[in-house]
Amino acid sequence: MQKDLYTQLVKLLPAMAVAMFLIQAYYATYLQVWLHPEPLGVTQTYRMDKRVSSVLRATAYLSGCKVLVGHAFWIKVLQYYGDATNSKDRYSKLYDYCSLASDLNPTFLAPYTLGAAALTFHLHRPDEAVRLLTKGINSNPRDVSLKLLMASIAYENSEQYDKVVPILESQILTGDAPYMMVNILANAYEKAGRYQDAVQLWQRILRQTDKDDVRIQAAHKLQALQEFMRAGKHPKP
Amino acid sequence: MKPETTTSDRPTAIRISNLSKTYKTGFWLAPKVTKALKGLQLDIYENEAFGLMGLNGAGKTTVIKLMLGLLKPTGGSLTVLGGSVSSRQIRSQIGYLSELPYFSKQHTGRELLEYFGSLHGLFGQALRHRVDEVLELVRMTKAAALRVSGYSKGMLQRIGIGQALIGKPRLLICDEPMSGLDPVGYKEMRDIFIDLKKGGTTLFLNTHILDEVERICDRVGILHDGELKDVASITKILGSTVQVDYWIDVEQGEASKLTGLPFRDAIANNGGVQIPSLVLAETLSLLASRRAKVKAIRPLSSLVEAYFLQAIGAQAQLQRPVGSDR
Amino acid sequence: MRRILSLASFTFRELIRSKMLFIWLISVIVLCGLAFLLSLLSYGDILSIFMDLGLVGMEVSGLMVLLLSLAVTYTTEMDQKAIFLHLSKPMTRGEYLLGRILGFYLVVALVVLGMGAVVSALVVFVGGGQVTPLFIDSVVFLLLEMFVLTVLGLTFQMIATSLVGVVLYTFFTIFLGHLIGQIQWLLEKQLPAGIKVVLKVIYYILPNLDIFNLKDRMYDPTLVLGSAQWQEVLAYAFSYSLLVFLIGWWNLEKREFM
């Protein structure tokens, strides 16, 4: 009896395998959507050696260790930036390298923050920095530090207020924003000529803060703004 | 010679009927077909010890693998202990010892026996008791705690027979069980087989050690090129008129008395003479008439060996007396 | 069931005594060394480096144990024909394959979890951080991946006719399994129909190891991992493993041991 059962079971093995193939194929298809809800992003490189990019990507995807390869490549980026001989061409590949490191490891913040800071304050290429930070903010929408950095760079160096304002507004709406960020947004409004928005924001700061120095700063700002709006002149931020 | 295959009414342990096995090897474009067994017809009776003899490549191991279900027959049928070997119940009554058994080297002898015992459904106290019994039987109690990696060839063979016996098999199938054993190990193993036979276990031995067959087996079969050439009982072989050559030694200094013997096949050499058994009596009387002092008369081959060679059609050109190789 | 467990424990003991845990020890040393080096060289979140490195270390050590175990046991079981003794006993071939799989998996899981403990200790005591729930999820996903690969490796062991074959098949499956996601990406491109069919076949035959690769998505803000996703991933791991097991079992039933 037992032998018969086992023999019957063995005879059914191919049919069971076919059934199981179909089941796993169904789940594989279903999970593919879960894996990649959006098309894969690829760095738009313009100065980087294409081989570096291809070899790194191949290593990362073949080994299934994309993040670790990203970490390892990040060390290579640091060495590139630390090598004084690369200053001859003003570290021309820094943006590409940071971008590639972030492709492999999109939630690792250092390539965005260090890359953007170096590109802006050292190399004076704020456009590249803003591009890098935009990518970082898209990959890490809940992170505040990238937005703050983006705001300060855009505000101080590139005057790209139109890019900064929506990012800061959305973050402030979440209620999780440091005072510095609100301050930058108010100044950005002012720079962009949105004086009414700036006044409202300073008034809100004045109402909500529990710090005296902030209250004093907000009061001064409001006073200057109102005087300017009356006189039709641009106040000093 | 005509094989005596299914002539008895005794209950059979193994019934092989027209069994054939063909191996297909090689690549798709150049397939190679080897006929390992050609219509084997054989019954092994319960409680008997059967020896299957044959040259290397004769198909002996193929027969065993078919009996164990490790190979599937190309044609014919095979029944073991009244059923199919694919049945777990039938396999639980079979013990198998392969030639030079290999085990995982990381286990001790006791652990191996415990594992194989558990496959036979033994657990707990019953398992431990049976393992102790088997270790005692194969004289491995002292080495039971050592890892297999430290075992000699003989010890491995003994643990091998131990694992074959752990499930108290009704049928024990052994492939070259004496292979690689020293004389002491050989004798011990032989004694174990004789005890098992006395205990009612059916033995099936693949071997080319003819002495082993003569001392242990009740019947022998000769397999040659995948065909069963003959099956005969040992008593029949020992009582047969198979030709065996003898070697006659005379005292030192009397070698000259051996020259000129009037027999065509007599070969004098080194103070002795090799003669066919047919003329043994005549030779001895002739030597007596020449006043030669005969020191020793030894058969140059055993009867089983001669029978084997005759069955496979080989020429008996044996140069050494029996036993000189052991 | 008892026979399966007996064989599993027999295999487990065999592999542990074959010094497979040395791989764990070496991996721990390499991991600690690399973590120290990376923390010196890198600028960034050291805790995430520890965890990422640790998860990769777990995967690599698990795979090394699996591949070496397959190689070691192939020599004994297949080349030296120890399998004959197992299969001549009252144990079915299905039970044999299942017992081997369980024994192998116990060793692989032990090494992976051992590494997990070391990584957690690094994160807590050296990095001064906390082990996140997603890290634990990643470890469980890794264990699922290891299970699929163990079943695959042992099936290859039953099918392949040489040790090189076993190691190569398993090795390439691991690499290609991580590329499956990219095949889907290729399928969306303009390609000749023939190539697309081949890619599609490969896509459904090979295991999609990206599904179990949570370590690369641990900080992905878009990652959704609810009970529905868990069920799907478990269902995929189970159905794929069962498929491979059925193929291995069927092959073993048909196999002749010459």
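Some observations on this one:
We call the chains A, B and C, going by the order they appear; numbering starts again at 1 in every chain.
The working rule: a contact is a pair of C-beta atoms (placed from the backbone, for glycine too) under 8 Å apart; a residue touches a chain by one contact, two chains touch by 3 or more.
Predicted model only: the values in this text are computed from it and were never measured.
Comparing each chain's Cα centroid with the centroid of every protein Cα atom identifies chain C as the most central.
Distances between chain centres, each the mean of the C-alpha atoms, put A farthest from subunit B.
Distance between subunit A and subunit C, defined via averaged C-alpha coordinates, is recorded as 33 Å.
Between the CA-based centres of subunit B and subunit C the separation comes to 47 Å, rounded to the whole angstrom.
Centre-to-centre separation between subunit A and subunit B, using Cα means, comes to 79 Å.
Looking at subunit C, one finds that residues 92 touch two or more other chains. Along subunit A, residues 6 each make contact with two or more other chains.
Annotation for subunit B: residues 88-89 touch two or more other chains. Listed in rising order, the residues of subunit C touching subunit B in the complex are 2-3, 6-7, 10, 13-14, 17-18, 76, 80-82, 84-92, 256-258. Chain contact summary for the complex, subunit C toward subunit A: residues 38, 41-45, 48-49, 52-53, 56, 59, 92, 94, 174-175, 177-182, 184-185, 188, 203-204, 208-211, 213, 215-216, 218-222, 224, 229, 232-233, 235-236, 239-240, 242-243, 246-247, 249-250, 253. Listing the residues of subunit B that touch subunit C in their complex gives 23, 65, 68-72, 88-89, 91-92, 94, 96, 98, 101-107, 111, 115-116, 118-121, 123, 147, 163, 167. Against subunit C, the residues of subunit A that register as touching in their complex are 6, 9-10, 13-14, 16-17, 20-21, 23-25, 27-28, 30-32, 34-40, 61-68, 71, 74-75, 78, 105-111, 114, 139-142.
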